[in-house]
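What follows is a set of structures to go through.
In what comes next, subunit A is part of two complexes: it sits with subunit B in the first one and with subunit C in the second one.
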Partner chain A sequence: MKIESRERDGAVVVALVGEVDLQHSPTVRKHLMDLMFERRPVVVDMGSVEYIDSSGIASLVEAYQAARKNGTRFVLAAVSQPAMRVLQLARLDKVFALADTVEAGLSA
Partner chain B sequence: MRVEERPQHLPAALADDLDLIAEMTADFARSLDIEETLRLGLAHISSRMEAEAASIFLMEPGTGDLVCRACWGPSDVTGLRLPKGQGIVWRAVNRNATELVRDTTDDPDFAHQIDNNTGFITRSILCAPMAVRDERLGAIELFNKKGGGSFDADDRRVLQALAASAALALINARQAADMAEQKALKHELSLAADIQRAMLPPERPPEFPIHGINLPARGVSGDFFDVVELTNGKIAFAVADVSGKGMNAAMLMSKTASLFRCLAKRLDGPGAVLAAIDSELAETSSAGMFVTMIAGILDPATGTVVLANAGHEPPLLCCGASLTRIDEGMPPLGIVPDLFALGCPESAIELNGGALYLFTDGLTEAGSTDSMLGSDGVARMLAPHRIRPAPDRLRAVVAQVDEAGLALKDDLTMLVVEDMRNQPALNRQYQARPASLTLIRHDLGQILHQLGISGPVIPDIVLAVDEACQNVIRHAYGGGEGEMIVQVRGDHDHVDVRLIDFAPTIDPASVCPRDLNDVRPGGLGTHFIREVMDDVEFLAPPPGTGNLLRMGKRIGGHENRKP
Partner chain C sequence: MSSATPSIEVINLNTHYGDRQVLRNVSLSVNPGEIFVIMGGSGSGKTTLLNHLLGLLRPTTGTIRILGKDINTLSALELQDLRTRMGVAFQSGALFSSMSVGDNIALPLREHSDLDETTIGIVTRLKLEVVSLAGFEDLMPAELSGGMIKRAAFARAIVMDPKLLFCDEPSAGLDPVVASSIDDLILRLRDAMGMSIVVVTHDLDSTFKIADRICVLDKGEVLALDSVDAIRNSPNERIQNLLNRRTEEAEVDPDAYLRRLLGEKEKHANQPTQGRTGL
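The block that comes next holds the complex of A and B.
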């Protein structure tokens, strides 16, 4: 999998591309937590997530909790169908701030 | 090298001699071609030692004759051959002592014939043998001191020193050449081993009914196995062991393997194949060499095996708890022509859901001589690994034999023929590590599709199994090394996934899903498994394993079936 990070409109858009599984979720977690440490607003572009497991979801949960504590923005945008299915299974689709597109996530 | 300064207290003549020895020794040490150096050095030695002529004789390997390899002076005797015992040279070599002949007319061993042939008149001779320890290499011979005198005791000491240093250089050069030759031989052996490996059948997916493994004791093997798919859906197979070890066994093995490959597709039945190979081998094989071989044909549709055995270790049929040795058979192949003229008897075996193991004595006779395994031992070695998919099972058994990486005494080959009729659609072993998960998801997705399932239930099942595998990796093995087996049975209506590991058995009660109202990282995996699958239970782990988790899923709804 790949993590592509870019600055946009004062926020960081983090695109997760491919399969976020046990092998790769530690990298995702570190990447997101570093941004949380810098108190950066983050939009996670999940349009190209082909697969995500509980460890990947856990990384998102941890970042989400840190953002809440910081009072910064943390939005999951353009969530792909396979990722949405897993969020629903975890009943987290009601917890995370979701946006249909990255643009919508940035202006939320 | 040149010694520039002469120590004041040495007499001039001795200093000259030391110079000569030092120069020649340095030349020898530098030289890559000692004979060439000797040839070039001979002129130098002769002029410094004031000889009218000189020759170098080297002992010819094979004949043991002394042959003149270099010479300096008015007549050329290069190539002159001195059979054992002739002349002063041989005397020096035999006594391994420097010979000083002040006047040849006084010496009965002097070979006048050579002077008669060349016209050179030999008055005096100084001959020093070249030898290292007990190995005689040849001699350096000087003729006639210039000015009419004779060689003296000083000359003798100098030539002796030169000869000793030349001998060492010769031996070193020969050893270097031997090493280069050995290296080349080793390279050729590894090429031969490559070709042999290429003759083995390709590794097939674990769900294929026949698998083999071959471990040569040296680079090349005297064992082989082959698996050939026939056009009628049946599968022909063979295991053979050529008598002896090394290159000749390897070559006979290659021949037998080629014959089998060719005949298995053309002849009707393993008996006919063995009889044909026997008549070919008996006609052409070299004395004292023979081949023990089992050939067979499996009908995967019925689980029936037809076997023919020519002098090979009896195969072992493992069916549930019962073990049967299949003892019938003929003598080995290639011993006497016409032994198989009346054909080779065949026996029919029903696998009944079990497996037939064929092996060479590299397996049964492994270990020290007092602990030969025998077929009971093979059964004992198999027992803890029977749950593993066939290729992994063979590797596990062989690893046990080859424990601690000890060199095998004999080539080792093992083949398993299984009744796959009631076997799982997927039965694979994976390393319990995160990097395996991509492959597991891929294999699982593919097999679910093959079972006739489609739609969103596939990613759901894949997620549940992935999560269960993660639990094995993270919790059962706790991050340590290990393996896990994924088995999938079912059809378009129902899927049964079993996950087996070899970790310490865990208490099922300790595995519980988390409370979803508590939003926190971790603990979601077990929830996903229970959410997706209809029934999830730990079953009694099979012998040799740690845990067995069964996960069942009913495939309801039209959207999950392929049209």
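The block that comes next holds the complex of A and C.
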């Protein structure tokens, strides 16, 4: 799995690429929570997530809750089908702020 | 069907309990993402087969490959590693009565992962949401109904997001509505997580609702292994007896019967004649 971060339009776009599983989710968690600590607006590009397990979803939940407390933007964008199925299983598609594209996430 | 490596391959499995042969030349395979139902009457060998698939029994002869690994050749450590990719929802739930529901569900993550306790807590509550037990994490197992215990057992079985999920009699002892909701849960788990699911049951309604393929065991042998429609329409009398809940009178061997009554040992390793076979 790879994490690619880039600055864009005053936000940080974090692209998750590959499989976010038990082995990699602690890295994702630390990366996102560091950005939350800095109160940065974040758009997570999930278009290249091939698989995400519950620990990966938990990392997103924790970061999203931190963003809500901060009052900063935290959007999941271009969520791949495998990732969306996992979100829907726990009805988290009704909880997260979702955007169809990264561009839409940046302007949300 | 998928051309990927099967999640489970069983080749010519034979098993004995002492002199008694309980599984005879059982061969089957389960594909990735498939819901595979093993059904049969009491004493047909379902539970023994399940115990083999879990690596709890060693076969007399035959090969069992789970997620591509021949479990007869694995060390204890390798078998333990394999088991972290398998989940089991036991018939009784098998929850630890001294631990809360939440601690029961979190246990596999605490034992087998290095996740932060915050993440473990979120994953645990996430699984409770999935099985419609949100907010029950602080209750003790003794405070749950039968259906809730089954759901909690499911939550624990899937907490590690296994590739392979085993469910032993998931609807046993439940009313039809709750049983149906467990079936829905099994279907949703397969669709969302892509896991292979093996269900051992003799609940026909459940089988026809969830199965991609059905393996019918009878007296330790695979009587049929086919799609739901093929099993429904099978001309085999024993399968139709099973489907229509008709009992079969076993043929009486007078000599063997008298030997059993007199407590004399059988000369051969034959399976004892059963008085009745049915559901």
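By our rule, the second predicted complex is superposed on the first by the 108 of 108 C-alpha atoms of A that agree within 3 Å, B and C clash if a C-alpha of one lies under 4 Å from a C-alpha of the other, contacts with A are read in each partner's own complex, and residues count from 1 in each chain.
As a working rule, a contact is a pair of C-beta atoms (placed from the backbone, for glycine too) under 8 Å apart; a residue touches a chain by one contact, two chains touch by 3 or more.
A quick note: this is a predicted structure, and the numbers were derived from the prediction, not measured.
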Subunit C versus subunit B on the shared subunit A, clash or fit after superposition: clash
Subunit B versus subunit C as contact partner of A:Glu103, first or second or both or neither: neither
Touched partner set for A:Val95, first subunit B, second subunit C, both or neither: first
Which of subunit B and subunit C A:Asp53 touches, first, second, both or neither: both
Which superposed partner A:Glu62 touches (first subunit B, second subunit C, both, neither): both
First (subunit B), second (subunit C), both or neither touched by A:Val86: both
Which of subunit B and subunit C A:Leu22 touches, first, second, both or neither: both
Overlapping contact positions on subunit A, where the subunit C interface meets the subunit B interface: 21-22, 53-55, 57-59, 61-62, 82, 85-86, 89-91
Footprint of subunit A on subunit C - complex, ascending: 109, 113-116, 118-119, 122-123, 126-127, 129-130, 159-161, 188-189, 191-194
Residues on subunit A engaged by subunit B in the complex (per definition of touch): 19, 21-23, 51, 53-55, 57-59, 61-62, 65, 82, 85-86, 89-92, 95
Touch list for subunit A against partner subunit C, complex: 21-22, 25-26, 29, 53-55, 57-59, 61-62, 82, 85-86, 88-91
Subunit A-touching residues of subunit B, taken from the complex the two chains share: 434-435, 437-438, 441, 456, 459-460, 462-463, 466-467, 470, 473-474, 516, 519-525, 527-528, 531-532
